[in-house]
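All remarks here apply to the structure that follows.
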Amino acid sequence: MQPINLTSALAAGKDFVEKVRKASGVDVKACYQCGKCSAGCPVAFAMDYTPRQVMRLLQLGLTEEALKSHSIWLCAQCETCSARCPRQLEPAKVMEALRIEAKKAGFETEDEIATFNEKFLRSVASNGRVFEAGLVIGFNLATVRPFKDAGVAPSMLVNGKLKLLPHKIKGRDAVRRMFEKAEKMEGEHK
Amino acid sequence: MKYAYYPGCSLHSTGIEYDMSSQLVAGKLGVELKEIPDWNCCGASAGHTTNHLLGLALPARNLAIAEKEGLDVMAPCASCYNRMKTSEVAVKSSEETKAKVAEVTEMEYEGKVGVKSALEVFVKEAGLDAIKSLAVKNLGGMKIAAYYGCLLVRPVGIGFDDPENPMTMDDMVTALGGEAVDWPFKTECCGASLPTAREMVGLKLVYDILTMAQSAGAEAIVTACPLCFMNLDMRQNDLNKKVDNANFQLPVFYFTELMAIAFGEKPAKTGVRKHFVDTSSVLAKYNLK
Amino acid sequence: MITEKMRAAAKELLEKGEVETVIGWEKGTFWYNSTPAFISKPEQADRLVFDEFCANNLAKYLLDYRNADGKIAVFVKGCDARAVNRLLQDNQVKREKVYLIGIPCPGMKEAPKTGAAQDTASLPLLAKCQSCATPNPVIYDQLLGDPVPAREVPNRFAGVEALEAKGADEKYERWGKLFSECIRCYACRNVCPACNCRECAFDANGLNWLGKQNNLQENQMFNITRAMHVAGRCIECGECERVCPMGLPLMDINRKIIKDLNELFGSYDAGLNLEDRPPLGHYKLDDPEKFM
Amino acid sequence: MRRTGVFVCHCGSNIAGTVDVERVAKEAAKFPNVVFATDYKYMCSEPGQQVIKDAIKEHNLDRVVVASCSPRMHEPTFRRCLESAGMNPYLFEMANIREHCSWVHPDKEKGTIKSIDLVRKAAAKVVKDEPLQKSSIGITKRALVIGGGIAGIQVALDIADAGFPVTIVEKEPTIGGRMAQIDKTFPTLDCSACILTPKMVDASQHPNIEILSYSEVEKVEGYVGNFDITIRKKARSVDMSKCTGCGTCWEKCPTKVDSEFDMQLGKRKAIYTPFPQAVPNKPVIDRVNCTKFRTGKCGICQKVCPTGAVDYEQQDELITEKYGAIVVATGFNQFDHSVYGEYGYGKYPDVITGLHFERLINASGPTMGKIKRPSDHKIPETVVFIKCVGSRDEAKGKSYCSRTCCMYTAKHATLVHEKIPGSKSYIFYMDVRTPGKGYEEFYKRTAEEYEAQYIRGRVSKVYQKGDKLVVRGEDSLIGRPVEIEADMVVLANAMVAREDAGDLARTLGISYDKDNFFTEAHPKLRPVETHTAGVFLAGACQGPKDIPDSVAQAGAAASKAIGLLSKTQMESDAIVSNVDESRCSGCMICKGICPYKAIDAKLITERVGGKMAERQVAAVNKSLCQGCGACTVACRAGCLNLLGFTNEQILAEVEAVCL
Amino acid sequence: MKTIAKSKVSALLDEIAKEFNLLVPTSGDGASKFAPYTPGSQASFDGRTLLPPKDVFFPQTEKMYKFTTDGMAGSLETVLEAPKHQMLFGVRPCDVKSIHELDHVFLTKGFVDEFYQSKRDRTFLVSIGCNGPAEPTCFCQSMGVNPQEADAVDVHLFDLGSEYGAAGKSENGEAFLQKYASFFNEADVQLPAVAEFALNPNVEGITEKLQQMFDHPLWEEVSKKCLGCGACTYLCPTCHCFDISGRVAGNQGFNFRCWDSCMFSEYTRMAGGHNPRPSKKERVRNRFLHKLQYFPERYGDLLCTGCGRCLSKCPVNIDITNIIKQIREVELA
Amino acid sequence: MSLNTEALPKSQEVTASPEAAPQPWEPRIVGFACNWCTYAGADLAGLSRLQYPPSIRLIRVPCSGRVNPQFVIRAFQRGADGVLVAGCHPGDCHYSTGNYFTRRRFLLMQRLLEYMGMDPRRFQARWISGSEGPKFQQVVTQMTEDIKALGPNRKMRDVE
């Protein structure tokens, strides 16, 4: 294992920590690494870095490792960590900020989740609402497993739970403009 | 009581039962619901984790429309509720955010109206007394695990109920004559879209919740969120297939469905027939058919 | 009509012997002069009036009755009531020794320039009333008439802000010109309900706080010290500025201090209620100290 | 006209090397009111002082200025010199031309000019000096100790041993405090009762100690050396003079209630002593639960009492006594962890606190020393300890570290290992803090020999699953979530201030911090004093402390109190505030600003317009006043003045240095 | 009579200013008062000035002596600056009367105040008459002043509407008119009627009546609203109380005199703290008795010119005309 | 109501020795120093032989809370080019709370003086502890430089 050169890492990470603070309102320096976030996190078992470790990576200036971590994609945004943090930091918001930054930097380590989110938003952007059938079909095609959840589709159709055509709202152009503006104001994605 | 109604995408598709039963309950309780005209998707967790501002703006557009009508919003979906609440609080507490959001939405949202969850409106505001007085059927002691999910009671300090041990739904169950079992996973996360996007990760969360409810003696789970519902209801079959020794047959209800049934509605009208896990036997057991 | 009500109230109080003196207003030299009146017999009550010229803050007169045997009744507008609170906070008046008759105040008018008879409605509000945010008495035993709605008050610090923006020399020149005009008649001090020392530091024998020369420097010393002494205690009744025979804009100084106190130590309005402690009488551990 | 003498010191070459001292003296001789000026090699030396004394006589001087070093160095020297020359020592000023001039300004011309200015300043001030006298007050040689825990007992014993009468006021029916509830003490594992109870007995038998148990301080008036203290002796319903403590009453009493002493884990009677070794060992009736008081029926205790000591009619009694010093030793409370939803809001019976655990392992406790879990009295095999519950938690608890938990948790784990063979302890911690003698070694033993598994991480959730408690944490050292199925969970709850600490602080006029702990006068230099003269602090009422620290602080507080009481008269400085009553308007703004509560309102009578009138003015208690002068600035009329630093003196200095 | 168009006055002033230190009424951006005229600047001849011209002769602060000390020795020097020949132009008849009252105080009864005298002697007075009350509060007529004309000046100007009629009232005045004859025309003039005054207090016999009223309850009544400020006395053209004070700085210093006011509580306070006028009743009484009784007893004139300044600027509308009326209404036993 | 009184000569003129060359203008700073911290800090600067400009004249007061704002105005009136009020750091006050009042009072005062046209650099307040000899040196040096740049004070000054 290569030792981390903390001197250069800390210096390099300083601006990013400030960026995260601006975006999320969380000062990661205040984290005292108690681990309560990770202990309560429902998805921690699947993560490569526990939420506490993600905070630590930032504290040490290891920005890229944080951005490339799978954890930030696996985070379900349930806010359990935020609710219980004894320092009133909000790791969930850090996760959110990191995911946005990771996307900008082009690190999408969890393809499926990133794809799902993208499809989801694309659906919203073009229709104003989510077209769930289209989303699932599109997602499954994209992730090359076209028949996932296919078994449930017929009964859902019968029960009126799946619509075959998207509902397009009247204000969909306005919604599309919102996407464009928000993207412009928050910075372009790669 | 009159609210702007924000069903959200789910209630028009996978969560159609929640929509149906909510309308029924509202009618009984005298809560007038006026659907927000031309509402858009709140962005769910995909929105704010992709673009923070977008995550605030999407719900703000709906709130702005409601504000024009001068109505507070009722959002049955916990995810929609959480997103709208976050947007509401962000706009109320920062002029800068308000301005940014207005620029994106091209609409003025001043923070004069806010959002409430259906649970808050139907149980907290209407009151247990009203619920009891409307109940014509008794749940007869049905053992029910009230499952709130994570987002309904968060962020801490803003929600309407205790973040670690919420009781609103338990109180409702008790008021209708059911037995709300005490169990510790009321607010554990169901994984949201993870069971779709990362199946095995998501399924583990669902598995834990179902197991815990079952071991607490619950005969049914009641929930107030279409995503929770979908994960708990639709995934039982998957789990039974993919996990050794798993054999779940635990009916899941929207709390509105139970209310509507207790208020005397025909179960079919409430949507309980549309569930993946059979509900008829447990309803039959307690003479609720 | 408030005048009728105040006469009736005064008469009743005096007839019943509940108070020994009623302090109010009566007409003075001209139709546009209303002046403090001191009534001690029921039959004198008909002298009392309330009109657009009752600008005098009567609270200060309570100091003259500190040793009175009985109760003193005084009519209080919004600002007068805040003045009474000021005096109560400074332990100069005992609450049980005063009877406060509140009068919601519609705002007082300027005397006409020429003295010629004219419609009072066309007269402008006194400067001190234009920025008044408390037209209704905040403390009283009895209220005559209904509370008046709060007026739309312009930013009362606008003048201060404009001055702050000027250059140092420009500021000094402006104040120098003004303070040179001060004749040190002390009307500002004597009318001020926050200036309630038994003996002003400036009047004390041999204390050497202030030279008697009338020149810019001593006048500056007087005016700055006066302002510092009422800092955090000024109730913004504007009487100092109104009575200044030389027309000095004294509220520009008082308001500067109020603005700074609000900005630095949290907002505080003197005389609004008895419990709040004046900002210079206490401190917070985390007070700003960027100048240190 | 004053007759001032100015004496300029060379300080060898220290001053004379860079200041033309002769010129300074020559210029000084021209100053108004100066009749004599000279320079000398060492003013502070014997011959130097003689120069001053001679000049005083020869020139009939009535004011003296010495220009030399810092007054912080030699002001007392020269004051004594004036005194021995028959002058009032306060008719003296110093000009600091060494530290503030010759040592810092090498340019001789500039240094000399500045020296002349500094002397002019001193000469201008000195003519306004007035003779001042020190004042003194008598002292009541008696101490009050509030709180009868280990700290209070230690304070009382120390003061009593020094020969002064002490009263301990304890609100519970017995002294002993928290230490009495504890089983063993770290790091020696001594039996707590074995070392505490002899001290309790010592205190009760000490001829100089009076114990007022079941009593509270109601009112404090007066000031250092002369406090008038009103104490409420709550009605015990038992006549202390008749009761022998035989125990018949509580044996026969039919009413059982949860014992506070046993943390609700055991029972006591309605007439009770909290524990068998209570001091005084005489019962009280808990009127809330007593059947006699609730329904008027029963009365068994009165019937069975062989001495007729039970008195249902007894009333609270108020007594007022004089004391010279007060030591506050009111101890701490345990943090209420029911704010933690994630730990079950206190509803799981087997999630207990450290203090509960102490009662469980105590041989005279409710389980006779057997560790049994409260829910089903089973002996736990797996015990999880969670530290920092309420401590170091800004979100739900306190920001500070409670200092004792690391050690007592280690002790608990050790005791679990000793008492339950085959058991396993897990300790969740954030840091292990063991800064005490033998503490680290104890912790090491716990982890290494007593097989306590330390896991670094905070627990996020505890929940019941069957008859187990599932504890979810992260082992932050490997970065993996961990889960333990435990039989019992022990929380190391924070030590917090007593909930009524604020009330007591207001009664005593002392300050308290954001967490309601009493504030010491100086965190480093005056750790057991308060800002209120004559009031001292001991034990955990000032902040979390373990027993050795509490006892050490008790000794320190006692020695401070003894130091005060050993004087017959207390001399206060002559530099105190003074009120010009004729001009004071009694606004009392000064009162709120005085940090020593030395200013109070008083009524004076004066003739106004032919009749006598009463009027309120400020009065300075010269023995409390420390001479800071804050009040003088608050006084707009300038009728408060600080003797020795009057407005006139300071203005004269300002004018002199601006010439 | 000689006349001068009002439009030509400023040209005249420009000329005069070359010779005299010229003081004219100004209203600039501060309070109106007499101030040095600088060519081209605007003098204001409407109404009367807020501040009376008394400080021209009797400044509010005036240095009198300088001294130095050296051990027990010392030196003293009078500070008496000979002012440039000065002209006070545009004094109203009421203020002319006030100068005469001040002359009584500072120059008669065997006592001459050299500081006052030095300035008074070198001041050339030009008065301007009024054709009626300059302010609603004017009542000079009642105080024996002819509002249109003043005699004890060097030159008097009658207000004739668009022009002034000039009359030399002293030899200097005649010489002045001769010297600046080019500015004047000769014309027959008719004085306009005097407009009516709103305030007409009757002072007949008041001095004698007051001699019996020292202990009358009226004083208690009229003093109640007094705030004890010095606005009335400082604005009064005739009030002339002063205090002498000094400043020392090291080995030197100076003494100065400055206006004082009998309205101030410390005015009569003695070094030991005793105050013979302890409350505002005594102080207010003294002020009016001084004006209406003591001064007339000593000098034969009321110490009031009816200028109305005190009345217009009193913060509480204490009205001397009303007090005179009340004194008249008192029925003595 | 004249604006200026007669000039009084400065002390340098009185005391300067005949042989000394005329001194260039040196700012005159009146310093109020609390006995327990800043005065001790200045003593320490002396003990440590830390040089600073001879511009400051310290007036010893028990506590910075003893300094009346009027003292400051009087100093300016009499010719001070700058005034420094210095005391213990917050929390270190020998009298526990005096400097908290100082802080409020002079923060307000400084702003008021600035409003009156006084350059804020002429009136400064500082926390200097007994151990901060170097800080005392640095504060006096800096303030002297500031005021040198501003030139002699004419404002509020009655001695020309």
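General observations
For clarity, chains are labelled A, B, C, D, E and F in written order, and residue numbers in each chain start from 1.
Just so we're on the same page, a contact is a pair of C-beta atoms (placed from the backbone, for glycine too) under 8 Å apart; a residue touches a chain by one contact, two chains touch by 3 or more.
Keep in mind that what you see is a predicted model, and the values were worked out from it rather than measured.
With steps allowed only between chains in touch, the distance from subunit C over to subunit F comes to 1. Discounting subunit D, connectivity by touch gives the groups A, B | C, E, F.
By number of C-beta pairs in contact, C-E leads when C-E and C-D are compared.
Compared with subunit B, the chain whose C-alpha mean position is the greatest distance off is E. Centroids built from CA atoms put subunit B at 22 Å from subunit A.
Averaging Cα coordinates per chain places subunit A and subunit D 53 Å apart. Look at where the CA atoms of subunit D average out and do the same for subunit F: the two points lie 37 Å apart. Distance between chain centres (mean CA atoms), subunit A to subunit F: 59 Å. Residue positions 163-164 of subunit B are each in touch with at least two other chains. Within subunit A, the positions touching two or more other chains are listed as 45, 80. For subunit E, residues touching at least two other chains, in rising order: 60-61, 249-251, 273. Listed in rising order, the residues of subunit D touching subunit A in the complex are 342, 388, 392-397, 430, 456-461, 472-476, 479-482. Note for the complex: subunit E touches subunit C at residues 29-31, 50-51, 60-61, 135-137, 198-199, 221, 224-225, 227-231, 233-235, 243, 245, 247, 256, 258-259, 261, 264-266, 269, 271, 273, 311, 313, 315-317, 319, 321-322. Touching subunit E in their complex are the following residues of subunit C: 28-30, 33-38, 56, 60-61, 64, 114-115, 177-178, 181, 183-187, 189-191, 199, 203-205, 211-215, 239, 242-243, 245-247. By the touch criterion stated above, subunit C contacts subunit D in their complex at residues 66-67, 90-92, 196-201, 204, 206-209, 229, 277-278, 280-282.
Within the complex formed with subunit A, the subunit B residues making contact are 9-10, 12-16, 38-41, 43-55, 57-58, 61, 100, 103-106, 150-151, 154-156, 163-164, 187-189, 191-194, 196-199, 201, 204-205, 208, 234, 237, 273-274, 276.
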